[in-house]
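Chains here go by letter, A, B, C, D and E, matching the order in which they are written, and residues are numbered from 1 within each.
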Amino acid sequence: MKATDAIIQIKDVYKYFGNLCALDDINLDISPGEKVVVIGPSGSGKSTMLRSINRLEEIDKGHIIIDGKDINDRDNDINAIRQELGMVFQSFNLFPHKTVLGNLMMAPMKLKKLSKNEAEKIAMELLHKVGISDKAHVYPKMLSGGQQQRVAIARALAMNPKIMLFDEPTSALDPEMIGEVLDVMVNLAKEGMTMVCVTHEMGFAREVADKVIFMDKGKIIETGTPEHFFSAPEHDRTKLFLSQIL
Amino acid sequence: SQTNITVASDATWPPMEYVNKDKTITGFAPELLAAMEKVSDIKFDIRNTAWDGIFAGLAAGKYDMIASSVSITDVRKKVMTFSDPYFEVKQGVIAKKGANIKSKADLAGKKAGAQIGTTGFLVTRKIKGVTMKSYDEIGLAVEDLYNGRIDVVVCDDAVAADYALTNEQYSKDLSLAFLLKSDTPEYLGFAFKKGASQDKLKLVNDALKKVKESGEYDRIFNKWF
Amino acid sequence: MADKSHPINIEVGDGAAIPVKKDKGLVNAWSISFFGAIGCIIYLCLVDPDMYWEVLKFLPDGILVTFQVTIASIFLSLIIGLFTGLGRISDNKIINTVASTYVEIVRGIPLLVQLFYIYYALGRFEFLQISELPSAIIAMGICYGAYMGEVFRAGIASIDKGQGEAARSLGFNKTQTMFMVILPQSWKTILPPVGNEFIALLKDSSLVSILAVADILRRGREFASVTFSYFEAYTMVALVYLVITLILSKAVSKMEERLNYYEGY
Amino acid sequence: MADKSHPINIEVGDGAAIPVKKDKGLVNAWSISFFGAIGCIIYLCLVDPDMYWEVLKFLPDGILVTFQVTIASIFLSLIIGLFTGLGRISDNKIINTVASTYVEIVRGIPLLVQLFYIYYALGRFEFLQISELPSAIIAMGICYGAYMGEVFRAGIASIDKGQGEAARSLGFNKTQTMFMVILPQSWKTILPPVGNEFIALLKDSSLVSILAVADILRRGREFASVTFSYFEAYTMVALVYLVITLILSKAVSKMEERLNYYEGY
Amino acid sequence: MKATDAIIQIKDVYKYFGNLCALDDINLDISPGEKVVVIGPSGSGKSTMLRSINRLEEIDKGHIIIDGKDINDRDNDINAIRQELGMVFQSFNLFPHKTVLGNLMMAPMKLKKLSKNEAEKIAMELLHKVGISDKAHVYPKMLSGGQQQRVAIARALAMNPKIMLFDEPTSALDPEMIGEVLDVMVNLAKEGMTMVCVTHEMGFAREVADKVIFMDKGKIIETGTPEHFFSAPEHDRTKLFLSQIL
């Protein structure tokens, strides 16, 4: 794979919070359609890396190139680039003042200038896909956590992004709801979406991941297939971590 | 034996009574009082008091007498007792130069300002077609006139002349347009609480008379006007 | 300031005492004050109509002016406040400092001094030769804009950061995020203090009487200056203000209840 | 009111904007405003000493009076406020209602109207024939007592219920519990808003100038009424107030920091 | 045992919170020196009963007589009666503005008018007894939970009460601190103090309790020795409860 084929290129990226080096010389290429799962202990920089891809964090050094465009280059419109990137947060972050449908229709209508009808059609399709079309006219706070997270995924998909970023999408959920969200993610993966997921659901990783990345202290320590991690992780740090979460 | 008389004065009324740069209350009336002290056993203690409420304070007994350019009117006589007159006033109308206001008739449709509760205020509000605005201080009314928010200011002629003529800034723009004629002459007097302090009233009247007779009154008058 | 650095932060607003349901004492006090005030007005007018009824008849256009000043000023202050609030949270250092300095200065000078100052300073500029009511409104609006700015700031700060991030990640720019996602959510938090400021502003509007604007207080003082009935005139003025602010504070408390129980979201 | 029924409660105090450390914007704004104001005063006095230096020389005794009124009123309002606060949380219905009604009425009437009213109404009673400074202080004290009452009430309410129960179970009676256990703990919560009210009161004390109390504003107006230099006089008055309130707000912010970091308990 | 011997008599006591009957016809006599442990599910009225003994809750019907005095009789000085009753709360409730010593000396000095020296002597003895005399001049917030609770016990003892009431004194503590508090309570029991303890520490109950009371829904369901409860509880409700906590 040539570097230029990659849809996400992370090159020599550093990010500091004060003295703390949250990202320490990160290099990573992700090809179109690839599914990457990021694991690592708390505070290792997983979220920071994911958020940097979306420029929710401003990096201090290096380059992040999405679909050929350097996102930190002032000439590139970051808002246009972000439309290519769907993001799903641990805490759902649905807009509480809009119905489920409103949440899904807002960005397509305002940003892609779709008509109300077009936006609603797309929204309803996506709600079908994530299995909660019956809740279209309900406000988010009436939904369970699992349902909210599925709406959040649908909302991100409504902008028809090329890449989906997930930051521990299931870790705020009660155990009985994790399955329904993972199912949606697995289907998405099967449809060929490029995905970067921070998650410790190793079943999910095994099922869909092309590549697993283990981070620690802001560095990428080890990269490999899921099988590699389950069977023969190289580094002691990785072994220790896996022994804790499995 | 000395008689102490506390006096209220709204010292925002130059040249009749005002606070000078040394923060002392001065003007025509205070000097008159000082002259009266010299010819009698009275000791005046002048206190600066806001005009609005100056009569309420007298009624409440906060002071014995008001020496603050109070015109003697029938309405006021009902609620207070006056000394002999000490000054004759007319109501002066200040307007912008070139405003073409020359008589009472020209005031129709105009906005007039005056200090609340003064004769100027009482007279002007009775003129038909005039929108009346009342101010706490005459100076604020003149400033609003200068700034173009009102068309005329009505106040005692001596005060009007002072504002219109002696102040450099105002004298460029403002002039004493005319005097409001009234059927009966209007006099200023010292006001006392109704029914109280008759002895003090008498002392004041006596002293005033002495000052007038001695020619001291004219000397002070000429100094200020 | 809705400052979170203290464990408990007491702020007594300058509005009226809002009779919220859980404060039984105030609810009782509200009824006593309100019906007491109304009763007093009626009683006084019946017993001494020559005096009190005359005062009351003298006031209505003053009440109108008070409301005009209050309503216009609150609108102006909301607009100023919105921009100030946004400025106060802006990352742009210059905008932030300008907004903060505006707040610091306005809150550091007595309202009465500001009124005098703005009113007469405005008057000095030829092109601003506007009549007293607009000048008074502009002055009150500028003063209250600083307070409203803090209300907006706190209202915006009360919205979870994740909301903004979610909107940005969908591709909304900063302005769209603010106006389509943050502000629509923060009105629930902003509305009650705005109601409170409205009452505070109505009370403070009595200061414009010093600028010779013919509001309730001015009318009362004019009446008193002619009739020398200071006690009666001020009694009536106080009662009228009391009735008005009590009605408004009840309205604010009803609004707060509504907002608390509003099940829309 | 420190009302806990809302998830977030915004109250903008009527004091100055306290430059607390975490609000960088305000800290910068404070410096700009403070040194700006001082700079302005010096500059104006140097450039046009005939005018501005004369005004400035005219003000000092007014500043003294402003402080006299403020300090005396705040003491009076603290005493009234303590009793009001205790009354507002009292189980005794009558005491509670009286205290609440006092708060409701005082907060429902504009301060200026109250000042006029108390000043002239007090004057009606022969035995209350006191001069304007004490009357003004009494009037301000009564007005601010209601606000202070709410500060005390909130301060007391901020103390954990268990404290009172522990004291009662040891055998302390209600009064002992309040004065030996609850109040000594609540001063930490009460002090910052009292500091804030102090600044607010200092600003509002400018209203007593209308009663011809010779405070800063009165002195400025007197100067202006003789020299007709309203603009210059009010500029100086505003700057002097600004410098004073900024110094005080810095002091309050220092005090808050101290209280926050105070490791005694 | 005659009823008149009892130092605490609870007769036909009812207590309502709105419609909720928190105490439903409670009858209980406790003799001097007796140690009573009260158990029962959450919301069963244990705290309410204990607090009623101290009149921290006002009962609606019935009588509570402490050492011959009806505590709800207005003729009796409740503050004097309360001095006979020491109370220890789940949340310690030490006075944060006083040092440890200050906490112990305050009530004896103000209420018993002891001199500073006398009060300090007693306080220091008690601090020795609960094993934290080295912390005398420290403020409560510098202490661990277990230390705070021991200070709270000492503070109650400083008034030399005839009866000690404990409301779940160890349930707010980290496990490693429970022991140190229970030790103090066991010693107190051995010295012959009359004690009423709401606690689910069954080891403590077995060691010191003369009588265990099981409450449910505001009623006393079953009374007996600790052995009775461990071996042969009568009621199904009791059995169920014990199976949960043991």
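Going forward, a residue touches a chain if its C-beta (ideal position, glycine included) is under 8 Å from a C-beta of that chain, and two chains touch if they have at least 3 such contacts.
Here the structure is a predicted model, which is why all the values come from computation and not from measurement.
The set of chains in contact with chain A as well as chain D comprises C.
Steps from chain D to chain E, taking the shortest chain of touch contacts, total 1. Seen from the Cα centre of chain E, the chain whose own Cα centre is farthest off is B.
Compared with chain D, the chain whose C-alpha mean position is the greatest distance off is A.
Note: centroid distance chain B to chain D, computed from Cα atoms, is 37 Å. The mean-CA centres of chain A and chain C are about 46 angstrom from one another, to the nearest whole unit. Averaging C-alpha coordinates per chain places the centre of chain B 81 Å away from that of chain E. The distance from the centre of chain A to the centre of chain E, each centre being the mean of the chain's C-alpha atoms, comes to 55 Å.
With touch defined as above, residues shared between interfaces to two or more other chains in chain B number as follows: 52-53, 56, 59, 136, 140, 143. Shown for chain C are the residues that touch two or more other chains, namely 120, 124, 210, 221, 230-231.
In summary, the structure contains touching chain pairs A-C, B-C, B-D, C-D, D-E. Of all the residues in chain C, the ones that touch chain D in their complex are 1-3, 5-23, 25-26, 28-30, 32-33, 88, 96-97, 99-101, 103-105, 107-114, 116-117, 120-121, 124, 146-147, 150-151, 154-155, 158, 189-190, 192-193, 196-197, 200, 203-207, 209-210, 217, 221, 230-231, 234-235, 237-238, 241-242, 245-246, 249, 256, 259-260. Across the interface of their complex, chain E is touched by residues 160, 162-163, 165-173, 176, 180-181, 184-185, 264-265 of chain D. Residue ranges of chain C in contact with chain B, taken from their complex: 120, 123-124, 129-132, 135, 210-212, 214, 218, 221-222, 224-226, 228, 230-231. Within the complex formed with chain D, the residues of chain B that make contact are 10-12, 14, 18-21, 23, 48-50, 52-53, 56-57, 59-62, 136-140, 142-143, 163, 167, 169-170. For chain B in complex with chain C, the residues that touch the partner chain are 52-53, 55-56, 59, 75-76, 79, 113, 116-117, 121-122, 133-136, 140-141, 143-144, 146-149.
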